[in-house]
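Each of the next two complexes has chain A plus one more chain, namely chain B in the first and chain C in the second.
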Partner chain A sequence: MSATVADLLRGGVVTLKIASGAWVVSAVLGLALAVLQDLGLAPVKIFQASLTITLRSVPQLVILYLLYFGLGAVGIQINSILAAILALGVADAAFTAEYYRAGFMTVPWTQREAGFSLGLSRMGVLMRVVVPQTIPFVVPPLLNSFVGLLKTATLAAAVGAPEILYRGQNAMSRTGEIVLVVTIIMGLYVVVTMPLTRAVAVMERRLRSYAHS
Partner chain B sequence: MREGSATAGSLLEFRDLHKSFGRSEVLHGVDFRVARGEKVCIVGPSGSGKTTLLRCLNLLVEPTRGQLYYKGEQIGSWPGGARVGLSGYRSRIGMVFQHFELFPHLTALQNLTLGPRHVRHEGRSAAEARALQLLRHVGLEAFANAHPRTLSGGQKQRVAIARALAMQPDLILFDEPTSALDSEMVDEVLELMRRLANEGMTMVIVTHELGFARDVADRIVVMERGAVVEEGPAETMFSAARSQRTRDILRVGVKR
Partner chain C sequence: MSQLASWLAILAGGLIVTIKLSAFTTLFTIVWSTLLSLCAISQWRPLRVAAALYNDLLRSIPLLALLIFFYYGLGRIMAGLGVSAFWLAVAALTINESAYLAEVYRGTLLAIPQTQWEAAASLGLGWASTVRLVILPQVLAPGVPSTLNMLIGVIKNSSLASLIAVNEVTLTATILVSQTFEPMQVYLVLAALYLILILPISLLARWLERRFGIGAGMGEETQGAAEPRLAPQAGA
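For the complex of A and B:
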């Protein structure tokens, strides 16, 4: 029993690693996509639009297979954890980009004009004027997306990453204690997710009062 | 006037400026110029195109037709477009907005240093030293680390003027700088603008403050329905305007 719990905890650490890594990939790539879309350069726009549609319509697991086995087929071996980080991060970025874009829209156009009138470029206005004002609005949805990634991180089991569900499945077949293992996994998830969800709620409340001040 | 060159002595000049939004033309061939050190007030009823004219001068609004000259050099010709980098051009021209448009995520001091640091690439300490000096100049040194939301309207506009000054511009455009202020705060802003005028700053001011225009302006431009009705020295415009319409606008005051 205690060996099983220890094993599941180690798996939980791997899950956290995958989710955090994917979250960083998603937050950075999502911002890049949103900025590119905002700058509206024609060739980039088409690339960006097709990428977004693809990422949104294809299941994460398929993207994970593509990265893990697809790259393997052309001779690039990456380990299953890294593959999961990249695949889940890239897939999530299509959604993160929308959070940023919605955030950009909260900044009045006149703020950009004030930046332009100082001589800032379009990129400069975005990075110095628009994005910083957007941060408070995107942090709550970004935290929510981390909670989501904690769950989708279990997909990494499909490529053999030793995360929590992978170890859980092993434990189940080893001990036959399916209900016990599932209960432990649920418990671990609830313990990690609850404070995060709570934090999002608090932040959103603060944000509302800040926006109205 | 020769085609293709600026009038001698003008700092900024727009010739035959037309602007259409969709199908409606809001500026019908305006000629505008300002000389170095000159104070020009643009007055006129709402919808007369004064703000659009001002925003065409620093190309926040893309003109539909016309030629723009700056220090004798052609900045652009429309239809066609600008022939110089907008960033460099705009950095020479300050702008003060009706609703201040301070950056809310930055302190007063950081509002002042943003342009110098990231457009003029000045070092942080030099930019901050001059920003502090400018805040002192506008009487707000004590608010250097305050965020805009904690400032009054008049204080915000004074910071906004200091922000424009921080770029060491050749001229400053003012777009109804006191229209959004409560009446008790109008004077502190006009007072600061008077001081700038006395220091020799070149200023183009869209305003409804006729008393201020009369005191400070070297030249008054009266606009109506997208065209210049009349322009001339402040003293003659108020006492001996040629057109009845000008006399009406300048006597009655200008409704927004």
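For the complex of A and C:
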């Protein structure tokens, strides 16, 4: 029993690693997508719109299979954990880009005009004037997306990454300790994600009252 | 080209299972979310607490974990009762997805002024008649876009059912890969199939959102908050 518990906890660490990695990928790629969209170059816009539509329509599991089995077959073999980080991060970036875009909209257009009049370029205005002010607005949704990634990280089990659910599945079929495994995994998820979700809700409420005052 | 045609013929069988799985899940999710959201705005506290607990708990458990647990925990017993993995997947998807949709529905219900409930009561309408005659007709239209977004999430998430041996389109593709050894091409075709299935629904949802003024102006900001993600999240 204690061996199973230890094994699940080690799996939890791998889950955390996958979720954190995917979160970084999603936060960086999402910002890049949002900035590109904001700069509004026509070809980039079309590429970006089709990418967003695709990422929102294709299941994460299929993206993961493409990166792990698909790339593997054409000679680019990446390990299952890295494949999961990239697949989940890229899929999530389509949503993260929206959060940044919504954040950009909270900055009045007149500030951009003021920036231009000081001789800043479009990119300069965006990075020095707009982005710094949107940070408080994107923190809660980004935290939400981290909570979401903690959950979707379980998909990595499908390509054999030794995360918590993969180990749980093995334990259930090997030792038959179904109740133990279910209790521990559910318990861990509730203990970790519920307070995080609550904290994000509080932050959002504060931010909203701050924005309206 | 003929190779693609033969692949599509094989995948079509799985696609039908995916559509069936999503349709049943969507139907049950709408009913269950409606009940949950009515509990969540109930005057009776225990009901409110129970609904909040359900939503919080189910939203913190990954969908794949729920599916696997159902399969390992109940699979054998249910198989004995003649319930297949397909229905276990419908159950797990419904239980999970409702926790998200119920929160969205709750928001829609709260937009109806309390005075309407009072007015209905003063006319002598009972709770059930008030809900049926006064409340539901008003929330039906604004509820459509979020329900369509849920449907998109359900179609995407139904791919996870492949991992508990439901022969939907992702599993069909995986079997095809084991025969053709062409994962890149097969999975790209699979991705295209999902895109073709989901694109019309997303366009319709977006058009309706614009039509009803949800997601425009002030809606934009609430949308991000009330509508966590299309997938479970991702939801998953």
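The working rule: the second predicted complex is superposed on the first by the 210 of 213 C-alpha atoms of A that agree within 3 Å, B and C clash if a C-alpha of one lies under 4 Å from a C-alpha of the other, contacts with A are read in each partner's own complex, and residues count from 1 in each chain.
By our rule, a residue touches a chain if its C-beta (ideal position, glycine included) is under 8 Å from a C-beta of that chain, and two chains touch if they have at least 3 such contacts.
Please read these numbers as outputs of a predicted model, since none were measured by experiment.
Trainee: Looking at chain A, does chain B or chain C touch a larger number of its residues?
Mentor: For chain A, the partner with the higher number of touched residues is C.
Trainee: Look at A:S121 in the shared chain and tell me whether it touches chain B only, chain C only, both, or neither; answer first, second, both or neither.
Mentor: So A:S121 only meets chain B here.
Trainee: A:T4 in the overlay: touching chain B, chain C, both, or neither? Say first, second, both or neither.
Mentor: In the superposed model, A:T4 contacts neither chain B nor chain C.
Trainee: Check whether A:Q48 is in contact with chain B, with chain C, with both or with neither, and answer first, second, both or neither.
Mentor: Neither chain B nor chain C is touched by A:Q48.
Trainee: Regarding the shared-chain residue A:Q111, is it in contact with chain B (first), chain C (second), both, or neither?
Mentor: first
Trainee: By the touch definition at the top of the document, which applies to A:V129: first (chain B), second (chain C), both, or neither?
Mentor: In the superposition, A:V129 contacts chain B only.
Trainee: Which residues of chain B touch chain A once you look at their complex with the stated criterion?
Mentor: 58, 60, 86-95, 97, 99, 101-105, 114-115, 118-120, 149, 163-164, 167
Trainee: For chain C, which residues count as touching chain A in their complex?
Mentor: Interface residues on the chain C side: 56-57, 59-65, 68-69, 72-73, 152, 156-157, 159-160, 162-163, 170, 174, 177, 181-184, 187-188, 190-191, 194-195, 197-199, 202, 220-221, 224-225, 228-236.
Trainee: Which residues of chain A touch chain B in their complex?
Mentor: The touching residues are 110-111, 113-121, 124, 128-129, 132-133, 213.
Trainee: In the complex of these two chains, what residues of chain A are touching chain C?
Mentor: 53-54, 56-63, 65-66, 69-74, 91, 95, 98-99, 102, 105, 141, 144-145, 148, 150-155, 157-158, 165, 168-169, 172-173, 178, 182, 185-186, 189-190, 192-194, 197, 204, 208
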